[in-house]
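One structure follows; several queries about it will come next.
Just so it is clear, A, B, C, D and E label the chains in written order, and each chain counts residues from 1 on its own.
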Amino acid sequence: MKRQRGRTNLPVPAIALACSAIAFFALPLIGLLWRAPWSQAWRYINDDASLAALRLSLICSLWATVLSIVFGVPLAWLLARVQFRGRSFVRALCTLSMVLPPVVGGVALFFALGRRGIVGQYLDRWFDLRLPFTTAGVVLAQTFVAMPFLVVTVEAALRQLDGRLEDAARTLGGAPWYTFRRVTLPAIGPAVVAGSVLAWARALGEFGATITFAGNFPGTTQTMPLAVFLSLETNPEKAIVLALVLIVISFTVLVVLRDRWFFGRNGGSSTALP
Amino acid sequence: MKRQRGRTNLPVPAIALACSAIAFFALPLIGLLWRAPWSQAWRYINDDASLAALRLSLICSLWATVLSIVFGVPLAWLLARVQFRGRSFVRALCTLSMVLPPVVGGVALFFALGRRGIVGQYLDRWFDLRLPFTTAGVVLAQTFVAMPFLVVTVEAALRQLDGRLEDAARTLGGAPWYTFRRVTLPAIGPAVVAGSVLAWARALGEFGATITFAGNFPGTTQTMPLAVFLSLETNPEKAIVLALVLIVISFTVLVVLRDRWFFGRNGGSSTALP
Amino acid sequence: GSESAQPSSDELIVFAASSLTEAFIAIGVEFEEANPGTDVTFNFLGSTELVAQLLQGAPAAVFVAADDVNMAKVLDAGENDGEPVVFAGNTFEIIVEPGNPQGIHDLADLADQDLIVVLCADSVPCGRGAATILTNAGVDLTPKSFDERVKGVVTKVTSGEADAGIVYVTDVLAVGAAADGVAIPAELNVINRYSAVVTRSAPNSAVARTFVDFVASARGQAILAAHGFLAP
Amino acid sequence: MLDLQVDLEVRPGEVLALLGPNGAGKTTLLRCIAGLSVIDEGRISIDDVAVDEPLTGSFVVPERRQIGVVFQDYLLFQHLTVIENVAFGLRARGMRKGDARRVAREWIARIGLDNYATQLPKSLSGGQGQRVALARALATEPAVLLLDEPLAALDSTTRADVRRDLRRHLQAFTGMGILVTHDPVDCYALADRVAILDAGRVVQIGTLTEVTAHPRSRYVADLVGVNLVSGEVVGSALTTPSGVVVIVADAAPGPSLAVIRPHSIGLTRGPVVESSIRNSWPGEITEIDRLGDRVRVGVTGALTLTAEITSAALDAMHLQIGDEVTATAKATEIEVYAA
Amino acid sequence: MLDLQVDLEVRPGEVLALLGPNGAGKTTLLRCIAGLSVIDEGRISIDDVAVDEPLTGSFVVPERRQIGVVFQDYLLFQHLTVIENVAFGLRARGMRKGDARRVAREWIARIGLDNYATQLPKSLSGGQGQRVALARALATEPAVLLLDEPLAALDSTTRADVRRDLRRHLQAFTGMGILVTHDPVDCYALADRVAILDAGRVVQIGTLTEVTAHPRSRYVADLVGVNLVSGEVVGSALTTPSGVVVIVADAAPGPSLAVIRPHSIGLTRGPVVESSIRNSWPGEITEIDRLGDRVRVGVTGALTLTAEITSAALDAMHLQIGDEVTATAKATEIEVYAA
């Protein structure tokens, strides 16, 4: 209840491991900062192409996150709560895009949604809708690689949740959807936020599937990682600066969404009894 | 308790969304299967280089997963349970490698652990230890990109867990480490498994950081995604076959680890009171 | 936002091999000045990736390949409109760290077991070139890595992780002081041919053809030469 | 795990108390009625509407059943404040937010937790949590109330208050109530009839007076605090399976149960030599429970009996645990009925 | 939230019962003793070793305190079977697996759950869960036992059995016990002394007889089932703050408390005209609780009183809720003591 005296709880070896992990993540960042051409930084950032890429990256990754949540949370719910034949198969299917080398993912997306793809050819023929090489294509490619992270995280949380809380809500007259929205979702809040962060970060960093499926057109499909990658070919210093911009942005978002927002207002132990 | 009559619980719109998501993941796979050159498949697979890449991929991704668990779980614990200044910052730091385009991640690893890197130069000078261009380098690169997925997932689960269960264990004489191993870990089992699967999948599909930091040498650093990518340049059909092999393997692992294994023997609602 | 990359009438989309990036950006600027109202957009990627995208219906008006193999793929698929124009060549150099601390002076020096040498993979043009050169020189070496991109080799050398590699002359030039080049004798060297073609789906093939002609023109050649490319 | 076979009817306006040992299936039965568990055969109907009937496949989902449930472990929503918890059912049934909060606030006042309205459940004590769970279930004014040990964690003062409130509520309402409890006081105060459940079967049902007058199981006997002996009556003697003889007055022959009330049992030191009292069982004192000015003394011999004597008598006789005593009872004070 | 200021001492071998209204701080106090919550000032010591003393900064972590805790909501480990739960503490303290299981199995037999040994807690009923929690805490034979309502969810038969077992255990053991309960029977059976906690303060402490003889709070009076009146004694009359006069025999002047036992209160219809009985308070019947052959009748007038009469008397007088009656009590039967 009060102070934390004597209550760290973590054994020393665990802290040592955790700190090594932190160092492991910090060192490459320090490396980037160390090698960054600070005098040139502003010039590299304040460049139309870079800014356009940044804008596009933010918009697309946000859309991809929204799509991941809208489709991924119900999917996780289905996987966690409905017993059906082939559930393991469906679960594996939905983690597919994580193991696929992203470029292959892009090629697979072509086969599905490209001009000659299974579904894409009809989209083209009937609706005159072409997804490859468009901003929508970027969003799709990002969603394809990012959504599994949300699904897996949320499913795990649903399984950890006491289903009887939902029972209680239903006896109070909560229809399934109401119950889900007002009981299930808040209870698994930390996991949904965590999953969204994972998906967002993955979408923001997406490179291979995007460049393959959506191409690399400044302003419409050239996202920040593509800009970074291409700068690496021509101007490694600029690449470092742009990568740092990407890092700073995600840092800002994650740090600003502090613990309180991040993990709901009860900040932990949300399935506890009084 | 008994049958599932009348207890699907999921509202129809949610099922519709979930099914769309499944279709979205299934289509690209179907596309790959459709375009796969089945007559040649066996020849492409049963090829020394492919088999070596496959072996290396499995070994490295397994190691990366193990390292992610060993370092990532304590890190998640630290982030979830210890209140310290700059916690949000550390958390953001540990999701860094998710937003970094993988190639830049590889370059950043050079800056940290390479021959001229911040730490790497001393490893080289004092221990004659060089990580780039080695299998260990592959494992490191994969760990760098994969661990955040485990950390974020496990942290969310720890926050969802009722901390008083750990209290109970401590009053029974469980030292922190014992309590963690026997109470905390099993209770967040689903999330640790989910996080490990995410990390493993991400490691298995890792391409950019690996080729940058560890290079591409058959037998020591050429993993499956690298083999797939290189084949894509010369022999796209072979690339599809190899990608399918990667998919089949991860499918097998995920389906074989069925619900029971996957989510612990209580299969859900693990924080319920009797 | 789902703005499309489908071109408007005065927009010209050029798919160009990434080794041409600096040179073509300069050419693009001059071309736009010379043809008011046109707007050139480049998609710089590895030739192979460009071919893959082209075959998937990417909206390119001009395709520029770094080697004959990739150009052949486009021709085989019938995606071209007219014959390709060879407009430049590129040769190879040994890339070493600034100041050449390891004292590498010829191909034979690369065979030293203590050196960390990286090459391009066989599947990409620069890898095939390097392999031919080493065969020509009778040098047998085991590199540490076969990179999938020539820039990967460059990055490894400029970041100090590798001691040497075999890359295009233009690549060494592009990184400036970050690396030095060691010339490879012409009799051992290989020339890589760059060619450009107007695509079948080009919405305004006239403008596209004007661009190809501009690249092959004296002004285009001058810019290319300034970036280290050889005449065709 | 549990094989539950129950045939029960609760009339509108009636409250049925459900009693039974731990693990008897009380909670499970409530879950079936609420629609949270599904039955394999038979029929559950509410107001003559079959809400669960496997034969016809009819099943009404829980949220359509107009039930209120107080769960044994409360199951409060940890992310909602106390007032939001109480208002939940009203909101779920479509009441506007402001109205729902007003009603909820009244309920919170009634359970005496005004100061906690905007707190999260995790900052409540056990008893406070139980009161919130009760208010949450009652707030929707359901047609069927299912209460699983709703007063167990309350302190004595609060329990009396809440019980009184609950009685008022149950009397006013025309629906059915089923109340699981281990406290006979709750049954007396709240229930019209009592059903005793054991291992998934109803072993006794009736008004409280009927059930307590003629207990048919050790559970009920313990509950109402009487001694129960079962055996075979021949003539005026009831013989237990272990061979102990209990002399009784006018009993029909056959398998029977005998009730011996604790205060009709007397204790003497040493054997009873000559007396009008026909029954005497030697034994050892195993338990002494003081309850105000009366004392319950457990005597274990061939029979295990509880006698109730005054504190004064206990002190005068200097009785202690371990002492050898004889328990005596007049045959006329033993009530016998067919098993 | 809670401001807890307590000064308590429990001697080795002694069991202290902790009673008090919901939210009084009982659970919080146990958590502090267990080392799960930290105190701001003062000192907690076990066997003369300070385990928590902010002034000196000394703090002994929970796992070093040799305590056993039964939590109010059990907190069983859901991923471990019943036997693994019970064996947990033994294993944590380094006992070999086989030995730990053997000891655990004995405990499980003692709580009557042999059939459930290899089941997971989620397949237990509430009462069964509580028994497992109890066995888990007792199995390590701790020096200090902290029991938070350990018998609340048990049925009456099991409760008596477990209580007897617990008493045997507590008597045999030389450590200290603190027992939170709302049931006076538990206090009688298990505790040597009783402390009454209210709003974080100890309001009364002493042997059970002392505390129940002279209750100092409505909570205790309700608990032991007596009526408590507080006021100012002048001469032979105690006057409550609301002005009601209670005639008492020989009392010292000053602020006082008066206990009126329910069975010394009589009820008559209409006003009492002439009687040797000096006290008579008119009121309305608000409650009738039948408890076997006795009935508790709540009368609310200027005072709120509970009278205990026989069922026969109740039926003879046809008393019903809402009837106007007069409650009477002899001055000599009212016990008065300084507040």
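A few comments on the model shown:
As a working rule, a residue touches a chain if its C-beta (ideal position, glycine included) is under 8 Å from a C-beta of that chain, and two chains touch if they have at least 3 such contacts.
These numbers come from a predicted model, not from an experiment.
In summary, the chains found to touch both subunit B and subunit C are A. Relative to subunit E, the most remote chain by averaged C-alpha coordinates is C. Remark: rotation between subunit A and subunit B after Cα superposition is 180° (nearest 5). Between the chains A-B lie more C-beta contact pairs than between any other two chains.
The centroid of the Cα atoms in subunit A and the matching centroid in subunit D are 54 Å apart. Centre to centre, using the average C-alpha position, subunit A and subunit B are separated by 14 Å. Rounded to a whole number, the gap between the C-alpha centres of subunit A and subunit C is 34 angstrom. The set of subunit C residues touching two or more other chains comprises 52, 155. For subunit B, the set of residues touching two or more other chains reads 4, 107, 110-111, 162, 164, 175-176, 187, 229, 232, 236, 269-274. Within subunit E, contacts with two or more other chains are made by residues 1, 31, 35, 61, 73, 123-126, 128. On the side of subunit D, the complex with subunit E involves touching residues 1, 19-24, 26-27, 72-73, 123-128, 131, 148-149, 152-160, 164, 182, 184-185, 188-189, 212, 218-219, 222-225, 286-287, 289-292. Listing the residues of subunit C that touch subunit A in their complex gives 1-6, 13, 18, 21-22, 41-45, 49, 52-53, 56-59, 149, 151, 155, 158, 174-175, 178.
In the complex of the two chains, the subunit A residues touching subunit B come out as 4, 8-11, 13-15, 17-18, 20-22, 24-32, 34-35, 70-72, 74-75, 77-78, 80-83, 87-105, 107-113, 117-119, 143-144, 147-149, 151-153, 155-164, 166, 175-177, 180, 187-188, 190-191, 193-195, 197-198, 201-202, 204-205, 207-208, 224-225, 228-229, 232, 236, 239-240, 243, 246-247, 250-251, 254-255, 258-259, 262-263, 267-273. Residues of subunit A touching subunit D in their complex: 162, 164-165, 167-176, 178-179, 182-183, 186-187, 189, 264-266, 269-274. Per the touch definition, subunit E reaches subunit B in the complex via residues 31, 34-36, 61-63, 65-69, 71, 73-80, 88-89, 91-93, 120-126, 128-129, 136-137, 140.
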